[in-house]
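A quick write-up on the structure given underneath.
Chain nomenclature is as follows: A, B, C and D, assigned in order of appearance, with residue numbering initiated at 1 for each chain independently.
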Amino acid sequence: DRRAIIRRSGDINIIMTNLNKRRSRYLQDIYTTLVDMRWRWTLLVFFMAFMICWLAFGFIYYIILKIHGDDIEQTDPDYQPCLMNVRSFTGAFLYSIETQHTIGYGYRYTTEECPQAIIVMCLQSIVGIMIQAFMVGVVFAKLTRPKKRSNTILFSRIATISLRNSKLCLIFRVADMRKSFIIGATVKAELVRKFETLEGEVIPYYQSELKIATEGGSDSLFFMWPLNIVHVIDDKSPFYNMSAIDIMNQDFELVVYLEGTAESTGTSMQARCSYLPANILWGHRFINIIDYSYQTENYEVDFSRFNTTEEIPTPLCSAKNLEEYNSQS
Amino acid sequence: DRRAIIRRSGDINIIMTNLNKRRSRYLQDIYTTLVDMRWRWTLLVFFMAFMICWLAFGFIYYIILKIHGDDIEQTDPDYQPCLMNVRSFTGAFLYSIETQHTIGYGYRYTTEECPQAIIVMCLQSIVGIMIQAFMVGVVFAKLTRPKKRSNTILFSRIATISLRNSKLCLIFRVADMRKSFIIGATVKAELVRKFETLEGEVIPYYQSELKIATEGGSDSLFFMWPLNIVHVIDDKSPFYNMSAIDIMNQDFELVVYLEGTAESTGTSMQARCSYLPANILWGHRFINIIDYSYQTENYEVDFSRFNTTEEIPTPLCSAKNLEEYNSQS
Amino acid sequence: DRRAIIRRSGDINIIMTNLNKRRSRYLQDIYTTLVDMRWRWTLLVFFMAFMICWLAFGFIYYIILKIHGDDIEQTDPDYQPCLMNVRSFTGAFLYSIETQHTIGYGYRYTTEECPQAIIVMCLQSIVGIMIQAFMVGVVFAKLTRPKKRSNTILFSRIATISLRNSKLCLIFRVADMRKSFIIGATVKAELVRKFETLEGEVIPYYQSELKIATEGGSDSLFFMWPLNIVHVIDDKSPFYNMSAIDIMNQDFELVVYLEGTAESTGTSMQARCSYLPANILWGHRFINIIDYSYQTENYEVDFSRFNTTEEIPTPLCSAKNLEEYNSQS
Amino acid sequence: DRRAIIRRSGDINIIMTNLNKRRSRYLQDIYTTLVDMRWRWTLLVFFMAFMICWLAFGFIYYIILKIHGDDIEQTDPDYQPCLMNVRSFTGAFLYSIETQHTIGYGYRYTTEECPQAIIVMCLQSIVGIMIQAFMVGVVFAKLTRPKKRSNTILFSRIATISLRNSKLCLIFRVADMRKSFIIGATVKAELVRKFETLEGEVIPYYQSELKIATEGGSDSLFFMWPLNIVHVIDDKSPFYNMSAIDIMNQDFELVVYLEGTAESTGTSMQARCSYLPANILWGHRFINIIDYSYQTENYEVDFSRFNTTEEIPTPLCSAKNLEEYNSQS
């Protein structure tokens, strides 16, 4: 019945309330704010920013031509307007966007007549690059942001507890669906549960780190194929005193996350997943999914069996009781 | 009365004097210099750079048309100028900006007459991309630089000292106001105070690292909600011999900083804060601010209580005296 | 006869089968998918994207001019079309690309007549920047991606086993062909082989980390010239019980990888290599390739001898037997 | 008389000889090759690349107009050329650069007559963005590359050896001339010297890591002002057996390097320096350069005293002899 902190998608099920400095601090970092927004709002902000800029410069050009008297039809054949073929605000707006966006059709253009029009044209050219640089950066970050890369990282739907060389171990599986690498990949695990100190302080969502490693004992991952990540349930583990029944009755959430750099794009990324007690299968172990095919002369990873487990005989008592029992034998 | 090294904003209260190589080394790395500048100076530098470039090429075109004789009105109907409709320096300047900025209205354009005009046009096109690349890079870095992201990292205004499982602990709180993550987040703490060696050397601002961790003992942060960062005052801690009174009378500054990578933008960032003795409340502890709302089916973080503490009974003696007392009991 | 996991090129010899969510997850991260693609498919995707966009806006302009009646020849001399000199779909398409790509020849241009044509022109201008930003990002990532930098990292073709200060050591060599640095370089090694647990579980491709260091004992590399990387075969090493004959008859693959950041471009990179039993030469050691030349006043690295070894007297027994023998002497 | 590995500038005094795969591997990573080049060669490569591209497309347009017969003067008033006002190769070249660089003056433009001309124009537009993306990336990387940021990192010209709490310590100083930070800064040190193994192997340039820390014992730097970096000469130190005279007669080079991420620009950087025996002053210690000014209410760092030391009484014997002497007392 209780909702997980991490959804299956990897999103965090948390909202923040009563944040009064939010607006001002979000505006101080407008860039990250725009990157974090929904696409429709980012597009709207950019559309408004460009329109306002084009209109503002258009208005300035309109004032210049008004002052010079270009809006009135001239009879003098040698008359030189500031801006050729610009006589109304609409024309000034069109000249503004044609200049700033560098389209420059050429029906409307600057003459040598007015220094102020030339200066404003220079200023608009520079301002145009800056707005474009900012927008390109936001679009680029939104399209490439690391969260997207984590869509192709898979965590197993379940974790298992079984014996590994006489020790009870909690194991889950992680894989990368792409052929390109995650560089400097590390996996971490945090157990979130209620905790009470000796002084009587109740910490309702206490985070404690679980010591995990790959099967071979490494805490950094050479992530070339799916890996089983192992937590040995020793006397320092929060699961040390728990039996199979105890775990089912516990109220905790095991949050796991993988961090690294995507080789293709060079961006840092984080993929998240969590396991509730119901996701932990006591007395199961993952089956192997890596085989060498002499036919294709390739190692083949069979993802259809990524979440498949098999039952094995496993004592249902706690790791602590198991060690006591073994030491008596 | 003494000013902190780190201001409330996170800025460092330090100036550097008598730096004679400063100018030359700053120019060797003009890019970072421009990124570090105030916006008004960066804009001025760019305006000047573009103007000078446009003027320089304009001058070159002017020389070309002067040599060719295009500034004199020609009667020959078959006469071909190097640059159509460019007869003055103003026209050459306009042609220069229209070409480099790729507006190209078309009133002024290159004819097939002069190879040197075509070559200079090619050169200006390439130079234009380079100047623009540099400017876009500086604008992008200034708008996206990591310092901006750290505006939405909150440190608690105070730190507390209280008992946690029979040990005196110094605790402060850190939070991220955004929903997007800081990846690879680590928090470090340095105690800055006067120190005298056995040989009599006085080091007035001696930095020693404080060993800190999250409540659950992890030194890397899964920063999905506000975290309490704990320093256990054990026999290796610089606070081991200090009582509540002693701490008030000390002259030190506890500098804390958080480093990581912003998930949205992929940039490395650092957020800084410091605590003076007056910011440390003995016998207080932070209240919990994370609750699950069955109404909204969300975890809710109440930031209005971010800095709220409650008093709890805490011995006022040093951690050392407390351990001695406990061992006698 | 068995194929290596890592090819000589550093590519991974692994394929993934039965991945049903592949298509949807690849589309969710279209950016990385395009970066990982072969060049010809990326170019085709972009060509299609631009063509479709240009055609779509061209179609919109065509509808606008159709509604306004601009496709019919007009006799009224004061008649103003929405788009000058655009009367057919081909003309509308040309106007579309000339506007979005900002070429703007000017034969076709917007008049002040139709607000909707001006609005669509504004929209197309913004959409044009976004598509271009995305494409530039993908091209940039594809051209600069870190895998390319790893082409200039060299691993020795062989590894050697010989005595170093009375201990059997496994040594391989790594070098950087460029003068610019790899920052934060680390080398890791994983031994991949079959493993059977006490419970009878067979793990066919079990990864265990090998503890390695530079000759002087550092696990981070100051990578200014070729380095010998050393694995001391002590009682914790998987090679501890293996003699020269045993190693030849083993079925394993020693995967090594170097990770760091390219100084020139600031991108993270990973270079990979592996050693099969046949690549390990017992009783050999690498010759020195670094000399100081008084003639040129430079340190010279002679890469022609990068893989050269010399034989030295080395016991053929296991490290374990060697230690037992030494302790008896 | 012997030249250092690291010059005062931080450059590495190493050349590589007999690298036969160099050319092909450098071409496989053309991007890093262009970034590593001298500016004049990079500019030449780009100029040639653009010229060749403009000429190639110009030649294609010329073929198109030749086939269509546009190079011949036409009498038919309704005659439509493929490209207006393009009749020669020079005109085709001008049309090519005006199109690819998006200047589009408009004297030369595409008509609706020839689909192949329109197709080539579309292709050139896309190719133009790609070449520009690559060039912008190289220019950006060359202008922003991390080596430039390391120009404002200062290492002291000398290192000192003196007593710190009864232990001989080797100390050098490092500082950042900019107000903006180096994030995640770490300092490492490697001692390079000749080494002979028990088996008689002579390693002429053996690298061993020196264990260093800030004064307070931290191995990561909160780099807000100049820091003294300390190597305690204990029994694990290569200097343990050396007296003041011994050090002067040694042939070694102590290479130190700082790695981190520049806060302003988000780029990884490495700054390098080295100390030869002549650079190490026994019996000296650095004076303090950080003071608080009540006048300006700022901490002031006086860089004019950055390299200043004072003599202090220091035993000239080795650390080993000193410890033996102390244990006897």
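Here, a contact is a pair of C-beta atoms (placed from the backbone, for glycine too) under 8 Å apart; a residue touches a chain by one contact, two chains touch by 3 or more.
Here the structure is a predicted model, which is why all the values come from computation and not from measurement.
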Open item on the list: Can you tell me which chain lies farthest from chain B, using the average of the Cα atoms as each chain's centre?
Closed with: C
TODO: Since chain C and chain D are copies that touch, just let me know if over half of their interface numbering is common to both, same, or not, different.
DONE: different
TODO: Select the interface copy of A-B from among B-C, A-D or B-D: the correct pair shares over half of its contact pairs, counted by residue number.
DONE: B-D
TODO: Can you check how far apart chain A and chain D are, centre to centre, with Cα atoms defining each centre and the answer in Å?
DONE: 29
Task: Whole-Å gap separating chain A and chain C, where each centre is the average of the chain's CA atoms - done: 21
Task: Residues within chain D bordering two or more other chains - done: 98, 102-106, 132, 136, 144
Task: chain B-facing residues of chain D, complex - done: 43, 46-47, 50-51, 54, 88, 90-91, 93-94, 97-98, 101-107, 132, 135-136, 139-140, 143-144, 148-149, 151-152, 162-166, 177-181, 183-184, 214-218, 220, 222, 224-225, 227, 261-266, 285, 288, 290-292, 296-305, 312
- [ ] Note which residues of chain A are touching chain B in the complex, please.
- [x] 2-3, 5, 12-22, 25-26, 28-32, 35-36, 84, 98-99, 102-106, 108-110, 112, 118, 121-123, 125-126, 129-130, 132-134, 136-137, 141, 144-147, 188, 190-191, 195, 197-199, 201-209, 255, 257, 259, 267-270
Open item on the list: Per the contact definition, I'd like the list of chain C residues that touch chain B in the complex.
Closed with: 102, 104-106
